[in-house]
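Okay, got some structures for you below.
Heads up, the next two complexes both have chain A, just with different partners, chain B and then chain C.
Coming up: the complex of A and B.
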């Protein structure tokens, strides 16, 4: 087995992985520097920047708003996406190819363009409901992922098991909950988790639709990077990286969905 | 195994001269699918049900995606701005302006250049990683996969900021270069190089994953045959793995090109005002100058670029690949 990977390749891979990890590690080093500006290597040791960031009401507000938005968007995407996936995989729907093309098209068009197009439409309609606009904008980009993930799991359902359950006298709702649900659960979970992450991390849609009262965390982080130069940015970056690591653990351990599966 | 045992059973039963057993079996399967079909139709109905289930999502995306994007394309063709005043009417003026103005054309060229170079560099970095995932042991493959995918969960603003801390004048790279004796280390921050480096880092996973799955699909015996026939490792890579992994490369390259050509955050954080890409230009035209029709034209051009790369590039590579595999047979 190990013969197929030569030692040289191993060294090259190790170097590339170090480069990949570097920009996620350096902020940690910077964040403990006891200086008024960012410097490498860090000088002194302090945790005051973390205290400052954690006590910042703007940062808290944006973080909570992003969690709320991602939660709502994921719920809406699942409510719209699961029936759609069932319709696409379980029924012979006329014009299926065209429908699929429309549903997956938001994945091709650049997000920044989708965002600006939506802003134009909303201002044409004279809409001022920022929260609703942001939920709509994020759902447009999350829904295709949910439908793709859930459809894939419905395609893989073993029909023989349903037949077997039906022969043994299981009524349809029992077949649905005891036979189909366990088989499609991972796909639905993966779609939901992916949708949550896409919404939580979105910048190019929010940058057009957000306002001061609805200011998601990626926009907040960007403004902080633009306007301040002390190590508190490094501290907030470190916290966000820790949050992502926590997310990896939750996804892999609690939901039992592997990262590789979600990416495929 | 089971089917092998079962078929003779069904064949021996009707050999008495009677066929009812086989008929029963056939009717049984017929009844079976009828039963499940009936079960589904009980809370569904007929084939219109499929459409009913699909309709909410379809209508949602039709109203909130197709309509805005199409009306934006119409805007780019139906108005243009002269000295800050909007002039209505069918026009190609926005597109002519985009290609004839030196400033805008340079941004367009830079965008294409950064997107192409990002795809190229990502491919160079991705091959060793994809090989490790597809051909390494399970623990190596898992380590590489997690290390490549985990950064995707870190917000792109933070990943770009991470590069800022490295490429800064007082950053980690300058420090490391001074350590090995470079007296005046170059400051890369706020140059096109910084944008390129960070774009490769941000979009690398989108190249690694399709490549890894393409390499995993290559029959190992082909590689073994090549090396038994005396080909060195680099030669096996150039003559076997590289050509057979081209479909994966095509998918990865078109993904990376699409994403990096429309990148906004990374060029802003690392390029500043010194090397804007098309994304920045759209933002400036619409939010700062309020020129909706010109912004719409740039957006339309971006869609056209991405579509062209996705359709044409993928098709060409796939066709060539089909010819190669045919020639190989």
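Coming up: the complex of A and C.
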């Protein structure tokens, strides 16, 4: 059944899209300027800033490290977060609300405070394992996103379907994979995506825990801005926007789940 | 405009290092074998200074001493925070901070006095940059007004309060150290006294600060970004910022430069301190000594366009355009270093007042 969309609605949507997307175009335009410093509108045309950024070992190292860190943190957050969400939604346990409040507290406490507290804790423990510290620190702030998202999807699962499958003879693992999984998959995927993005973009936790050998891309960007505010900054910003778009496309194509569905 | 290009300078430095290494390595290997295999973690600055330390100074030091130095880029307040958080079990051995924080670190027992006997390079340090043995300066910037080159800057700070500058000024954020310099300027303009006396009159000068509000377009907390915005003509004048953030753009040909009003300018001293209870203290001391060596200081200064705290370095006339060096030149320009102990005790209150005035 086709629905007609009024021209006024189309115009309003177009204006909103323009307002949302226009700021993302600005760094791209600044990144092609053939000047030694950032100007807008751009002067001349060059792609050399992209070449410099892509060939820069520091930028490459930070980007790859951020990918690695975000990947590990996402995996750990899912491994810890899914059972936690199941427990919180399917079972009544003493102090359940308190447990949930503790898990979600990193969303309330300023991250910069969480970061310095973690540094103090690791120092007291005598830990020098930077990578482990960063995985723990990032997991602490990513876990709430996974648990919120996965909990919501488990709450919405139709328990009648599980009962029907069980009554018809389906063993528990079949109920889990054929009945529950299709219903909770968008929520788990959404939790994973949020976790990846929160870790990939994190500055305040990394600022306290990182070192020269473990230097994620947000810290690198900050130092580059301090070094020189030239169009390579805009080139990095453009590449990160492109990366985010690619991530969305990959999720939609590979996992077959649209962002609209995850958001709903 | 200077002919100094960072990239070409890097090549020169790398070339020089490559040439010197075969000569220095055998002797250095024997002389510094005590440091072999040891590791220290240091907190450095970001920006071009951090870039040079990471890419040039540390690799050469590691090669000469057979040790490992892991740098962590940050800024003064974060570096002090890291020392506080790890005070009971120090993680860092050397920290780079601004002179403003040295009295705080000393009072909190975060740092220790330098072992003079183990640091021969201290012999060339100007006494004023020794901080009673609690650290040394590494680079001196001039903090002053900066402006778009299409604008004629005022000869005196007092003129900035005139209506003709309405909405044409960018002011440094209260969270940045140069905002203290601005408060001293306001006190000096109000009282007519020199900076040395005006710094003690800041409490009575916030009405003068508020009077400038109509002329302020916005506040900035990132020097390089502010330099870029002034170069683009978003505002005419910025006050105040360190030359190390402005002159690299001037040298690149951007239409922005610094000016030095009649009241004087300020010294921005980037320093190094030795963390109390530092892991591998001997390597830390050797690294701090290396930072002060003449060859390192010359290259560091030319790269970051800051003045060295040690005597006896020759610079080209082109480079000297951007540096207040030697110490006689600093005195000639009236570079003023505030009484940080007095200021630190009052700064949080002043920051609140600034925030109230500018509603940040």
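By our rule, the second predicted complex is superposed on the first by the 224 of 264 C-alpha atoms of A that agree within 3 Å, B and C clash if a C-alpha of one lies under 4 Å from a C-alpha of the other, contacts with A are read in each partner's own complex, and residues count from 1 in each chain.
Going forward, contacts are C-beta pairs under 8 Å (C-beta built on N, C-alpha and C of every residue); 3 or more make two chains touch, one makes a residue touch a chain.
The model shown is predicted, which means the values in this text are computed figures rather than measured ones.
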item: A:207 touches, of chain B and chain C: first, second, both or neither?; value: both
item: Contacts of A:245 with chain B and chain C, given as first, second, both or neither; value: first
item: Touched partner set for A:126, first chain B, second chain C, both or neither; value: second
item: Touching partner for A:143 - first (chain B), second (chain C), both, neither; value: first
item: Between chain B and chain C, more extensive residue contact with chain A; value: B
item: Which superposed partner A:59 touches (first chain B, second chain C, both, neither); value: neither
item: Which of chain B and chain C A:36 touches, first, second, both or neither; value: second
item: First (chain B), second (chain C), both or neither touched by A:73; value: neither
item: Contacts of A:179 with chain B and chain C, given as first, second, both or neither; value: neither
item: Contacts of A:225 with chain B and chain C, given as first, second, both or neither; value: both
item: On chain A, the residue positions that both chain B and chain C contact, one per complex; value: 37-40, 116, 119-120, 124, 207, 222, 225
item: Complex contacts: residues of chain A adjacent to chain B; value: 1-2, 4-6, 9-10, 12-13, 16-17, 19-24, 26-27, 29-30, 37-41, 80-81, 83-84, 86-88, 90-94, 99, 102-103, 105-106, 108-114, 116-121, 124, 136-137, 139-140, 143-144, 147, 159, 162-163, 166-167, 171-172, 175, 197, 201, 203-204, 207, 217-218, 221-222, 225, 233-234, 237, 240-241, 244-245, 247-248, 259-260, 263-264
item: Chain A-facing residues of chain B, complex; value: 32-33, 35-36, 39-40, 42-44, 47, 49-54, 56-58, 60-62, 64-69, 71-72, 75, 125, 128-129, 131-132, 135-137, 140, 143-159, 161-166, 168, 170-172, 174-175, 198, 201, 204-205, 209, 213, 220, 223, 233, 258, 261-262, 264-265, 268-269, 279, 282-283, 286, 292, 295-296, 299, 302-303, 306-307, 310
item: Contacting residues of chain A [partner chain C, same complex]; value: 36-40, 116, 119-120, 123-124, 126, 128, 207-208, 210-213, 215, 219, 222-223, 225-229
item: In the complex, chain C residues that touch chain A; value: 41, 46-48, 50-51, 54, 70-74, 78, 81-82, 85-86, 88-89, 91, 222-225, 227-228, 231-232, 248-249, 252-254
